[in-house]
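In the two complexes that follow, chain A is the common piece, with chain B as its partner first and chain C second.
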Partner chain A sequence: MEHIDFSLVDWSRAQFALTALYHWIFVPLTLGLSFIIAMMETIYVKTGNEEWKKLTKFWMTLFGINFAIGVATGIILEFEFGTNWSNYSWFVGDIFGAPLAIEGIMAFFMESTFIAIMFFGWDKVSKKFHLAASWLTAVGANLSALWILVANGWMQNPVGMHFNPEKARNEMADFAEILFSPTAVNKFLHTISSGYVLAAIFVIGISSWFLLKQRSVLFAKRSIAVAAMFGLVFSLFNIMTGDSSAREIATTQPMKFAAMEGLYEGSTTSPLVAFGILKDSDNPNAPNEKEFSVAIEIPDLLSYMAYMKPGVFIPGIRDLVHGNEKEGIMSYFEKIKRGHVAIKALKDYKNALKARKTDKAEQLKKMFSDPEFLNNNFKYFGYGYYYSEDEDVLKDNAHLIIPPVPVTFYAFHTMVGLGMLFLIIFILFLYFSIKNKLENKKWLYITGIIAVPLVYLAQQSGWIVAELGRQPWTIQDVLPTIASVSQVDTSTVQITFWLFAVVFTALLIAELKIMFTQIKKGPKEGGN
Partner chain B sequence: MSLYKNGQVKQNIFKRVFLFYYNGFRNMPEYGVKLWLIILLKLFVIFIILKFLFFNDTLKTKFDNDKDRSEFVLDKLTDIK
Partner chain C sequence: MSLLALQEYWWIIISLLGALLVFLLFVQGGQTLIYSLGKTEIEKTMLINSMGRKWEFTFTTLVVFGGGFFASFPLFYATSFGGAYWVWMIILFAFIVQAVSYEYRTKPNNFLGQKTYELFLWINGLIATVFLGTAVSTFFTGSYFYIDDMNRVLWMGQARGLEAVLNPMNIALGLAIFFLSRTLALLYFQNDIDDEAILKRSRRQLWGNAVPFLVLFLIWFGWLLFVKGFAYDPVSKEVFLEKGKYWHNLLDMPLNSIIFVGGLILILYGLFISMVKESTKGIWFTGTGTVLTVFALFILAGFNNTCFYPSAYDLQSSLTIENASSSHYTLTAMSYVSLMVPFVLAYIWYAWKSISSKKIDAEEMNGETHTY
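After this line comes the complex of A and B, so read on.
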C-alpha cells in the first residue's frame, strides 16, 4: 500500500470513466434504433406504402449520424487497457481477449457490411434483401454488445477460469460458464433492453417535437405508435431484468447491493428505500456516520425483493466490513488476512523460481490448484493488497474497500425512478396513439421531449451503479485498481484525460449539430 | 455460361461490389460527407496521435516475450511487504 501512487490510480480511473461514459452516449441508441428502423421497414415491405419508406429513411439518417460519431470511440478503452491498466490486462489473460476478439470480427463484418447495404442499397438490391440487411445490422450491433458485456460480467463475477501462477494470468477453464454466468446473462439483457428503451424515448421525443410544431403529423403519429409499443414491451422487460440483476448482485456483490440501498446496518426486516437523502459527512466512506435525513421506506420489502422470500438477512455495510458471526458473514479484516496469505504464496513461488528451488516452486504451484486454498485464500486475493501488520492500519484500510455510497445510492435511485417514469410515458403515448387522440396534447409532447435528456441520464446512472458501485475492484474480490494500474507517468494520463474530454465534447457537439439540422429538415428532405 | 444477363454484360462480383460502394459514396448527401470527414479526422486522432504518442501498450513495448511479461507482472502483483 505504501508504494501506491493514488493520484495515478485516480487519474487512470477518471480517464477510463470519462471514455466509457462518452462511448455509452452513442451505443444504446444504435442498439435500439436499429431494431425500430427494421420494424418500420418491415411495415413498408409488407404494405408497400411509400410513406413508411420515407419514415424508415428519416430514422435511418439519425441512426447513421449517431453511428458515425460513435464508431471507434470504444477502441480508446482498449488502448487504455494496454497502457494504463497493463497489470490488469495481463492478469485477465485470454478471458478478456477472446470475447473482445469475437466482438471485433463480428462488428467489422456484420455491421460494416450490412450498414453499407442499408444506406447505399436502396433501389440497388431487392426490397427483401435490403430489409434483411436492416435486421442483420440490428442483430450484429446487439451481438457485438453481447461479447463486451460478457467480458464485463466476468469482471463483476469471475467464473470459469483458473489462475496460472507461472504466467501470472487467468486461463479460461469453461467458456460456457463465462458466457452463461447469471451475471453475464443479466447484464446483457438488462443493458440491451435499456438501449431499446432509450431508442423508443428518442423516437417519441423527436416525434413529439414535430407534433408540437404541427409538422409531419402523420409521420410523427406513426413513429410514436411503433416506438411506444416497442418501448412498452422492453420497458417491462428492462424492469424484470433489472430486478433479477439486483437479486444476483445481492448474492455476488453484497457490498454493491448495500451501497445501492444505502444500507449500513443489516437486518431481516430491511426496508426498501423508495426515496432518500443521505446525511452529509466528512468521510462518506466511513461506516457509523451515515444515515438518512429524509427517507420514504417500504418496511420489510428489501429481503423479499432480494431473495423472493421474507425474513432473509440482508447484510449492511457495517456487517460486511466488521463481520457478523451470527449470520455467518466474514469480516473484511479476515478477508484481507486470507488474501494476504494468497499473495504471499505467489511471492514465495516467484522467489523459489528465481532461486531455482524447483521442488519448493512445484509445491507452491500446486497450492493454486488446491480447492481448499482457492476457496479459503485465493478467492480473497485482492483483499490482500490492503494488508498491514499494524492492526489499526489494516482496519483503516478495510474502509477503502467500500465504494462511494452516496454516488452509488443516488445513481441507482435515479436509474430506477426514471425507468418507472419511462414506463408511464410509454403507456400514455400508446394509449393516446391507439385511441387516435394524440393531437392537441401539448403537455404530452413536452413530456416526451423532456424524457430524451432524462433517458440519457438514466443510462449513465446505470453504468455508474455498475462500475462505481463495485469499487475498488477491477475484478471482483480478486484484483483492486491499486494492483491493476501500470507504472506510467501521471501527467501523461492527465494530458490524455483532457485531450479526450475535448475530442469527445467536440464529437458530441458535431453529432448534435448535424442531428438537429436533419431533424429540422424533417422526414421529406432529411429522409431522402 | 452466358456473358449476358437481361441483355447487359455481367460484371464480376468484385467490380459490382466496387461500383456499389463507389456510387454510394458519390451520391451521398451533404451530411454524409460531413460525417465521413468527422470519421476520418477521428480515426487520425485516435490511431495516429493518441496511439503513437500516448498509448503504447506498456508490456508489449517493454518486453520481447511473454515469459518476461509474466515475470514483470508477477513482480508487480507480489510487490508487498
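After this line comes the complex of A and C, so read on.
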C-alpha cells in the first residue's frame, strides 16, 4: 500500500457526505411533491373548482422554497467529483460522466423551464398548458433522479465496462447494460418511491396540523385524501423495491449486506434480526467485532429473505474477510494479493513503455484482455491498493475493507422500521378519509405531525445504508476511496468542509423559518 | 466517425455551452447593478424579477457545461477541478448563495434579511464573472500541474489555482467578462423592463461598462496574438511553445475567424444602436455577438493542434482534445444524446415566449401572483 493520508480521505469523505446528506433533505420532497401538486392541479382543471387551485398554489409555494435550496446543494455535488475525487474522475469518468451530462441535458433544463411556467404562467398561459408544465416539472425532477441513480447504481455494481491499460482507466463498453443494470433499476425505483412517501407524509403532517388547529379544515381534508392515496400506493411499492434491493445487495455487495444485518458469522440458518443493540465483542480474538447485547430475532429467516429459499449460506463479515473454503468464499487476504498482481501488471506496463521495451509492453497490455487474468486478478483490482509485503500489515489492512457495522445496521433497521410505520399511517389516514371521519381525531393528527421528522430520518438513514454500507469503495471492488481522492492539503478540505457546514446550516434555518411562516399563513394568504 | 472527429465535435459542443454560459452571465452582471439602477423598492423589485426569471438558465447551463466537460473530457475535469481547488470552490460558494436568494429575498421571516440576500446576489455577480473569466484565460496562459503516467494529477500551483491572478492577462479577461456581463445586463434590462427611470439610468451606465469591457478585451486579445502559445505535433503529440500560435490559428481556421470577427461586429453594432440610437434591441445583437465571439475563442483554444488546458509547469502534461477525451464508445453514445439539444432549445424558446411576451412593469409586480 502506498503512503496514504487517511485524514485527507476522511475529510474529503466528510465533505461529500455532508453535501449529499444536506442535498438529500430537499430532493425527496421535490420528487414527490411535484407529482402531488400536478395531481391536485389536474383535479382543479377537471372540476374548475377554484378551491383546488388555491390548494395547488399553497403546496406550490412550499415546493418552491424547498426547490431553491435543493438546487443550491445539488450543484456542489456534481463539481465535488472533480474537486475532491479527481483520481476517481479520471479512472471512471469515461463511464460516470455520461449519465451526469445526460441528467443536465435531459432533466435539468426541463425542470427549470417548466417550473418557471408553474410559478409565473398562471395568468399567461392556458389552463391546460399550465397543467402540462406542472406534470413536466415532475417528470423532469424524476428524470434527473433517474440519471444520477443510474450513475450511483453503477458505482455500487460496476457493469458494462472494460479496462484500458494505455489510458489507465475504465471505459464504457455497453451503455444499455449500465442503464438497465438491476442495481440501477432497483435503486431508482426504491429511491423515487421513498421520495413519494416522504412528500405524502409531508402533506399529511402539515394538513394534520391544520386539523389540529381547526383551520382550513376542508383544504386539509382534501390534501390528506390525495396524499394518503398517493402515499399508500408508493409505500407498498417502496417496500417491494426495498426488498428486491436488499436481495440484490446480498449477491452484489455481500459485505454491505452482512453489515446491514450485523452478521459476523455466516450460516445457512441465520436469523433475521428485527431489532438489536450492538456492543463491543467480548471475544479476545476478535477485538474489532461487535455482538448483540439485545436482539429480537426471527429464526432461520435471513436466507429466505435474501434468496427466497431456505438453507442458503449467507456469509458473515468474518467469512468474507477470512474466507470460507467450504462455501467457496475467497478471503480478503487472497483478493488483496490477486488485486496487487493486477496493479503491478499495470505499473510494469507503464514502466516498459517508458523504457521503450515495446515487446514487453505489448505482452503486458495483452494481459488486460486475457479472460483468465481478468477473472483471477483484475476483478480484485481495488483490493490490491491494500497490499503490503508484510503479511501482518496486509492482514490488518484487510480489516479496513469493512464498513462501519453499527451505523449501517442501525440506519438499515431504522429505515425499514419506519417504512413499515408509514404504511400503517397511510392506511389509517386513507381509511378515515374515505369514511369521512377525519374530524376530532387528535391522536391521528399528532401521529401525522410526528411522522414528518421521522420520514426525514428514514430518508437520511436510507442514504447512510447505501453509501456508508459500501465503504471503502467508490466503485465496488474496483476503486477504494484511498485511491480516488484529489491530492489537496487536508487543512484546505477542512476549511471548505466547515464553510459548507456553516452555509448549508444557515440556509437550512432560513428555509425552515420561511417554510413554517408560510404554513402558518395557511392556504388563503399563502397561495402565491 | 473517427475518434478525432468525435473529439472535435465534442469540443464544438463544449465551446457552444461555454459561449452560451458567458452570454447568460448577464444575470450575474445584472445582480451587481441592482442598487445603481434601482433607486426605489419597486424598481429594485422589477430588476430582480427580470433576472429572477432567467437565473436558472445560467445556473443550469453551468451545470450542463460541467457535466458535458466531465463526460467528454474527463481528464480536464480531474485536472482543473481537483487542481485549481480554491478557484472552483469560490465559484461554487458564489452559486450556492445565489440559488436561494431570489426565492427567499422577500419572503417573511427569512432569517438573514432582505439586504443579505441582495448582498448574496451581488457577491455571485462579482465572483462568478471575474473568476470564470480568469479561469477561461488559463486556457491560453497555462496552469501549474503535472500528470503522471497513470494520468493522476499533481497540482504544482501554490495557491490551488488562485496563483492565476499573478498573470495580469488572466485578470484582464476576468475583468473584461465582469464588464461584459454588466453591459449585457444593461441591454437586457432595456429590452425586458418597461420603466422610464430604469431605461434612462441603464443608458447612462452603458458607457461606463461597455468601454472598460472593450478596452480590457482588446488588450487581452492583442496580447494573445503575439504570445507564445501551446502547440503540439499532430504525429508525435509532443507539446512545444509556438510564437504567435493563436494568430496562426486565426489564419489557419478562416471560418472560425469569420465567426470571431462577425461576433465582434455584432457586439459593437448592438452597443452602437443602444448608445447612439437609443434602441432597446441591442441585447439581441450584442448577445448573439457574445456567443459567436466566445465560441470562436474556445475553438481557437482547442483546435488546430493546440493544447486547450496547457501546463506551464510541464509542457508534456498539457491537455489536448486528443489526450483528455473520453473513449470512442462514450463520445459516440453522448453524440446521440447531443441530438436532443435542438429539441431542448426549442422547448425552452417556446416556453419562454409564452410567458415573456410582455415586458415587466410596475403594475405586473404589484399584481403578479408570484414575485421575488
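The definition used in the following text is that the second predicted complex is superposed on the first by the 512 of 528 C-alpha atoms of A that agree within 3 Å, B and C clash if a C-alpha of one lies under 4 Å from a C-alpha of the other, contacts with A are read in each partner's own complex, and residues count from 1 in each chain.
Note that in this section a contact is a pair of C-beta atoms (placed from the backbone, for glycine too) under 8 Å apart; a residue touches a chain by one contact, two chains touch by 3 or more.
All figures in this text were calculated on a predicted structure; none of them were measured in a lab.
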{"item": "Fit-or-clash call for chain B and chain C when the two complexes are aligned on chain A", "value": "clash"}
{"item": "Partner chain(s) touched by A:E103 [first = chain B, second = chain C, both, neither]", "value": "second"}
{"item": "Chain B versus chain C as contact partner of A:Y445, first or second or both or neither", "value": "neither"}
{"item": "First (chain B), second (chain C), both or neither touched by A:Y387", "value": "first"}
{"item": "First, second, both or neither for A:I95, with chain B first and chain C second", "value": "second"}
{"item": "Touched partner set for A:A173, first chain B, second chain C, both or neither", "value": "second"}
{"item": "Partner chain in contact with A:K344 - chain B first, chain C second, else both or neither", "value": "first"}
{"item": "First, second, both or neither for A:S112, with chain B first and chain C second", "value": "second"}
{"item": "Partner, of chain C and chain B, that touches more residues belonging to chain A", "value": "C"}
{"item": "Identified clashing stretch of chain C versus chain B [80-88, 188-196, 260-268 or 296-304]", "value": "80-88"}
{"item": "Residues of chain A that lie at the interface with chain B and also at the interface with chain C", "value": "64-65, 68-69, 71-73, 75-76, 79, 82-83, 86-87, 89-90, 116, 119-121, 124, 167-169, 346, 350, 486-488, 492, 496, 499, 503, 507, 510, 514, 517-518"}
{"item": "Complex contacts: residues of chain A adjacent to chain B", "value": "2-3, 61, 64-65, 68-69, 71-73, 75-76, 79-80, 82-83, 86-87, 89-91, 116, 119-121, 124, 165-169, 340, 343-344, 346-347, 350, 384-385, 387, 389, 483, 486-488, 492, 495-496, 499, 503, 507, 510, 514, 517-518"}
{"item": "Chain A partner contacts - residues on chain B that touch it in the complex", "value": "20-21, 23-25, 31-32, 34-36, 38-39, 42-43, 45-46, 50-51, 54-60, 66, 69-71, 73-81"}
{"item": "Chain A - residues contacting chain C, complex", "value": "57, 64-65, 67-69, 71-76, 78-79, 81-87, 89-90, 93-98, 100-106, 108-110, 112-117, 119-125, 129, 133, 164, 167-169, 171-173, 175, 346, 350, 353-354, 486-488, 492, 496, 499, 503, 506-507, 509-511, 513-514, 516-518, 527-528"}
{"item": "Interfacial residue positions of chain C with respect to chain A in the complex", "value": "53, 56-57, 59-60, 62-64, 66-68, 70-72, 74-75, 77-83, 85-86, 88-89, 92-93, 95-100, 102-104, 107-112, 149-155, 160, 326-327, 329-330, 333-334, 337-338, 340-341, 344, 347-348, 351-352, 354-355, 357, 368-371"}
